[in-house]
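In order of appearance the chains are A, B, C and D, and numbering begins at 1 in each one.
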Amino acid sequence: MADHEIRTIRLDENEDFSNTQSYGQRIVTPVRFSTDPRDIGWVRENIPCQTACPADTNVPAYIRTIMEERYGRSYELNRLANVLPGVLGRICSRPCEAACRHGWPGNGAPVAICHLKRAAGDHKQIGHRITEDLYTPTGKRVAIVGAGPAGLAAAHDLTTLGHDVTIFEKEDRPGGMLSYGIPEFRLPRDLLELEIHNTIRLGVDLKTGVSIGSGENDVKITDLLRDYDAVLLTTGCAAAIPLPLRNIGRDDDVSLSVDNVENGLDFLMELHRGEEKQVGKRVAVVGAGFTALDCARVAKRLGADDVAIHIRTTEEYIPVTKDEIHEAKREGVIIHGLRTPVELLSDDEGRFRGVKFVQNRLGGWRSGGRRQAIPIEGSEFDEPCDTLLIAIGQKTVTDILDVQVDLDRWGNVRLGQDGMTSIPGLFSAGDFVNGASTVVEAVGHARKLSVRMDTWLMGRERRKKVVKISSVDEPLRQRSFDFIPRQEMPTEPLSERINTDNKEVETGYDQTLALEEAKRCYLCYHKYEIDIDNCIYCRACIEVAPRDCIKMVDGVEIKGDGTYGSLHEASEWDKVGAIWVDNNECIRCGACFKVCPTKCISITRNEIFYQDL
Amino acid sequence: MGNLRQPVYLEEKLEQVRESGRLNIRSKALPTWCPGCGYFSIVDGVTMAINQLQINQKDVTVVSGIGCASRFPFFLDTYGFHTLHGRTLPVATGIKVANDDLTVLAIGGDGDAFAIGGAHIPHAARRNVDITYMVFDNGIYGLTKGQTSPTSVLGFTTSTSPYQNQDRPLNPLLMMLSYDASWIGQSYAGDPRHLSEMITQAIAHRGFSYLHILSPCVTFDKTSKTYSNLKAQVRNLPDDHDSSDRMAAIGYSMDVDTPPIGLFYKESRPTLSDKLDLIVDKARGRNARASG
Amino acid sequence: MTEHYVIIGNGVAGNEAACHLRQRDPESRITIITAGRLLFYSRYELPRLFHEDCDWRDFLVNPVEYYVENRINVRRNSFVTHVDAQRKSINLAHKESISYSQLLVASGGATNLPAELSDFAPLLNRFNLYTAACQVRDILPKKGKVVMLGGDVLGLDLARNLINEGYQVILVATEQTFWPHRVDPDERKLLLGALTDMGVEVIENAKIETIQEGAPGMSARHILFDDGCEIFADVVMPFFGLLPAADFMMGSGVDFERGLLVGTNLRTTDPSIWAAGDVCQIWSPEENQYRFYYGWQNVKKMGEIAARNMTGDDIHWETATDHKMYIDENRQIVSPYWEHD
Amino acid sequence: MIDSAMTETDIQLMFCGSAGDGTIAVGDIFKRAMAEAGFKVLAFDIYPPEIRGFGKCISRVRVTSRQAYSLKHQSDILVSLNDSYAIPHVSEVRDFGGVLYDQAPISAMAEGEHISGHLQPGQLPYGVSMREVSDQTTGGSKAKNIVALGFLAGLYDMQREPFHQIIRDKFKHKDPIISESNLLAFDTAYDEGVSTFRLDFIELGTPERQDIGSKVQMMTGNAAVVRGCLDAGLETFFGYPITPATSIMEDLATDLPMRGGRLLQTEDEISAIAATIGAGYAGARAATATSGPGLALMVEMLGLGVMAEVPSVIFCSQRGGPSTGMPTKTEQSDLHLAVFGGAGDAQRIVLAPTNVEGAYKCAGKAFEMAERYQTPVIVLLDLYLSNRYETVILPRQNPFEADSSKKRSHQERGVPYHRFSFTDDNVSPRTVPGEEGGIHTVTGLEHNELGRPNDQPDMHLKMSEKRHNKLLGALDHPGITIQKRFGDEGKVDVGILGWGSTFGEILEAMLVAQDEGISCSAMKVVMLSPLPLQPVQEFFSDCREILIPELNYEGQFANLVGSAISKPFTRLNRVPGVPMRVADILDEIRRLAAQVKSAA
């Protein structure tokens, strides 16, 4: 089959073995590269964390290296997918953990993938060596507008691909939302700056304080399109959506007209630009995202007594992690559900004194597992407060463009198949395309877009996605690992948080905790297979299986795209064509491998790999 | 590691197994042996052999005695006769004498064959009854939960030999070579491919064929004939072994420490039925047919 | 096919519903699923543990034979993990799945513990279940000292019983004191005064800094307040009212805020799923909001309404007026929520 | 005297699981621990014929402070190690009794497959994380049974120590890690049990301590046989494994060589009995053990033993028959074979103990009798008695005579030796090979006093008389109860006559009937051949109605009695494969008592 090739490669061609004694020796291992949809599909179906990660992070590999106490390697494995592991190890929205097999019913709690990502960064050696696969310079010049997560990720990938990159950033510091939107108690700035610097020092030309737009002193997009081979817009969603209220116009923004009423995003950005911010004794926050929670927690730190977040639906449906809600509640933040603000209240002197809300009931489903809130007529009530922070969402600002690009109905930039906007040479990535989403989505999107840009710039595809299958001699896990409970993230005591306003709340795993947590990972990239020709159907493996993970089968579903679906189980002996490991149920404990009398069970490591064409 | 060199995809393999038709020779009910038992390998081997020789299932009768191995007929979809402890061979002989067209498989464990049933074996062998006698040798009594058997090794500790077995084990192959069995082979349950090949040959042989199958008892023997021990011990008979050379076969049969697997000895001579036919002919005053 | 009515919850609402379901549909299957290990017993009777030699059999509302005669299968010690409204089936923690034709969620309320006290949960004793109550009885020494945090009506009921038996009771009053009564500041003052007269030591406006285990040989618990005050106690119990216990309904697609949202017919947003008792928030057309209602009589009525509507009737919950707590002629506080059958 | 503060204990547990779950093993640990704690224990296991993997196992254990005679029909606690097997037995748990089961089994199941859905309203569920704790503590699910046991012990406030001791003992031949991990499993579950709130009303109570001057032991009928053999000085044993007699050989295989004795596992029963008789001829105390099918193989050789007047002891533990029958089920249907089986007039002594202590007595006395009367002696047990555990008190002094053979007197020395000489008691003095002046030949042919073949009619008659009449001496053999009457004395309305293991149920039923005011009495017959006819006849004349309950279809004991006594009686025959129900016997007693009343 042409899809498969057998090569013998040196392991350190792809892996850094600098921490092992074998460095310098020729280590050879048989490896197969496959583009068969069944193999690619297997990776997608069976490594739920990686599939869920917008940046396609090879999670099992980096957790495995933590188990080997190779923190530096683990950090580098993360950097292959995203340039900001330390940042995302703190503030990632963690779609991987929601998907983690360890969190499936009956398996316990998901692996703390995010905390481990942070641990890799925290414990890597001082002076740790960074690995970059650099391509020969291409001579192409790329301009990137906006040094947020998407811009930085694209800058990194495009630079390593050999292009000369210049970033234009309006603010004084790079980082975008990371620098200006997220409070320091969640993301220390020295770490952020270090990780940004790792990208910039590859040769990226960073120009801060440069505004792109149609104004007189602004640099124009048309200029950039003229001076560079390609331009990438990664300006994100930096504009707050105004709070719609009764009795005001559609585009009126009460934060501009009423004292003590502010947009949460502006509030945070001003705070991080260094302005003195103040809040009243009673603070109301409306909105249901991370920004709302951050505003509430900042308010608490600024001395507010009562801080309440008012949400339209219920806690079940808001898109933030449960940990974050818990920490906020512990700090004294209260969350009220099923209410929508309808009017601002003012006293006789016209000063803001509170909000009128209307009660909601839950309505139909929205995308992403969220719910509609339907106001109940006549159920208005008043909630007195001194400060109102509005954090109901963000939108893109398109008035920076002096060119006309096609937008979709939400006002976001529309991209073609090749990742390009309707203007040739003008690309866009991150929230500017997708609307307000998460940092990891921005990074992931920028990464994918960089490859497309590269294809466009070079006129051909330079890399191909394959599955790299290599053999594993024996199970790397022990059954006892499955009973380790999820290690809680140590946090600063409450008394240490409020009074010392910017102390990072989460203190990170120490090495012991990291190792314990790493052991919990099932290493889903391991695939257990039974050699049917040598299987004697004795069921010894089924006998020792910890779950319903090894099955007697008579068939397997093949899906439309050529990938495998579920196994067809057989209970009658004369129908049992094979005994097969259901890798979806398998928790990679290795019990079957050890017990097989004919040693017909094999383990392979299956990883997504990009081959140069 | 095989699947790295030669990728295996489940649905293709299942199709191959199903196409072969050997699943049809199995019973519907699952075998009741302990998971991991070597006997599973033998069921698989027999189904493959019957399949390969294209013998109609209805023409197969499996006779057994008492013991774990003798559960065997229950796990095949063929005619079967589960008789009394040690009395397998007389029953099988009776069936064969009554209907020469049947393929008769006699099955027993080491206890059934060489302890209580030992007296019957020499006679079945010298008469050259055209049956295939497969003895599953795990060197222990499984059904009565772990006592010594005639093939238990010296020093083996069981519930009835708490101070270690002091009796030397029998050498069934040597016995069979001296009893004049006309086909004698040995195989190992942990090598399913070899096993099915040997079963096929044994069934194909016309005359009394004796196949000795080394198999672990995973439940009651954790020290002696385990998979790992047997795997380390067995070796293939040399390619140049002449299966008509009984002295050479005797030589190999004496090697009990590293038991050779393969065909030891084979000869062609009249079966019991041939001789009964001859007697009939003689009684009727006709000339004997050309012998052989 | 006979109908299979499944009731999650083994309290007043669930059992009242089971009784009506059996009367209205004699052929049906009725299954009550409960995490507890006992048949339906009266929690209102639990304070009796302090003055009588009694056990759970004395608290049973119905005798064992009742369940046999009425063919009500009470599946005890069973934990619901998930409700699949689409397939009409319930998953239990021991991996069994049960299908239903109509489902009544009557899983009641769990003890509310404010998040700021969550760190101290292992040091707090509850009084919500027979087993928990027995534990309190067993660890509380004669004339021992009990600290009640909050002080909802369940707690106050226990408090008056404890006082009568010669125990010391200290109440750390919070805004949940008197829950679910809505009490204005003047009333609150009067009621707290009455409590003091009854012998309860009331602490107002105190914020708890920490709760610790007492030193060996000392009282079992040690409470520190932010103003530096401290109390030693044998038992510390939270009484901050109830929170609906229906986490298992997450992801079922049925609307849920703090409780299951139901219309006045007690049907949820799924046509085959109903809710009754402390777990449901009923739409109040008068107040234009979803509301909780408490107390044996209210909950019992809900059980009946749900059962009748599940079997084809169309009757509706009528908004009940809130009960007031009052002080009787003996200067004792009285709550109508203490009344039960 | 029982202290009034002491709670009288009478609880019964039932462990139910699939073969391979360790059901029998956990029952064993439990009962040993209870006996260790000083309770009286009566226990019986039921298991399937398969090796493992399939089939139902039940271990029932009754723990009492005072001696019980049979198992109760309803248990107080059921421990399920396999729900599909345990579900049909839920109804055997009493109201307010407890049911323990695995809280989190491995695979998804359909409605009704979990035991928690089958509990009756009065019963109390205890979900235990059996698989999980087993997995966590031992790395596998094999210790589920130990987890269940630990939980149970914790829940009912049993002392840890006896359990630890027994578990250590149980695993002493294995890797110490296994023992330690099982102890950890036990302790983890014990702590969970302790912290679980107990809701049922089952009290363990306190054991009744007696100063008996001898150690109380718990053992099975088969173990008692082994003790009897050893105390009687058994020297050689030959056997072939067969359920339910195998454990006699297994235990002897360990213990006999310790006393200098020899045990050989022969290739079949035929050679086992042959070797036994050979050893007996050579003067050794020799025995074999088997069950019905093995005895059937042996009868030919038994005939040789009778004819050649060679002592031998055959223990036969009956199981369901005929043929291979029901190897793991109990029955009393080999009486005909034991008493009559064989070619020719081959009378032999047959003893049938009724309980574990009796098994010990009969085993030892069998050697005395075989030697004294120069004959094969069959000790007839059954699976129920062989496998059931009882706490027994064995005498401190060895109760058995070391040498009971009739030797030549001083005067007889010097004259030619007549091996089969006619004497007053029909027993001839015997010599054994190696003894000076006693050389002789024995044979299976009919013979004269010298042992030479002789087929003259009067010789065959005289020798037949000798061989039969010498056995009558056994009816007065010292130190053994060959029959005994219990209950009301003198004339009674109902008398129950029984034999073997069923007599426990008979005694329980009779005691209940007595409490109900029925005038009744029960008699056990231990010696079945020769039959103690006189006391049986007296019993018949004392009782208006006679009931003979036994676990066989034909009424084999009733046939035996009926052939000697002409008075009518009532048979109660059951063949369920499990012990007779006390209630069945009681119903019949009530019916007969009512019959007597109405006739009066």
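Things worth noting here:
Operating definition for what follows: a residue touches a chain if its C-beta (ideal position, glycine included) is under 8 Å from a C-beta of that chain, and two chains touch if they have at least 3 such contacts.
Predicted, not measured: the structure shown is a model, and the values here were computed from it.
The interface holding more C-beta pairs in contact, when C-D is weighed against B-D, is C-D.
Separating the centre of subunit C from that of subunit D, both taken as means of CA atoms, is a distance of 56 Å.
Subunit A and subunit C have centres, each the mean of its CA atoms, that are 41 Å apart.
Distance from the subunit A centre to the subunit B centre is 61 Å, each centre being the mean of its Cα atoms. The set of subunit D residues touching two or more other chains comprises 104, 106-108. The residues of subunit A that reach two or more other chains are 106, listed in rising order. Multi-chain contact residues of subunit B (touching two or more other chains): 33, 35.
Pairwise, the chains that make contact are A-B, A-C, A-D, B-D, C-D. By the touch criterion given at the top, residues 1, 4, 6, 30-32, 34, 36, 38, 469-471, 529, 531-540, 542-543, 553-556, 558, 564, 572-578, 580, 595, 597-598, 602, 604 of subunit A touch subunit B in their complex. Against subunit A, in their complex, subunit D makes its touches with residues 104, 106-108, 135-136, 139-140.
Across the complex, subunit B meets subunit D through its residues 32-35, 66, 68, 84-86, 115-116, 118, 141-145, 147-148, 150, 159-163, 219.
Contact residues on subunit C toward subunit D in their complex (touch as defined above): 37-39, 56, 64, 66-68, 73-78, 92-99, 131, 134-135.
Contact residues of subunit C toward subunit A in the complex are 81-82, 91, 95, 115-116, 118, 250, 255-258, 261, 269, 283, 287-290.
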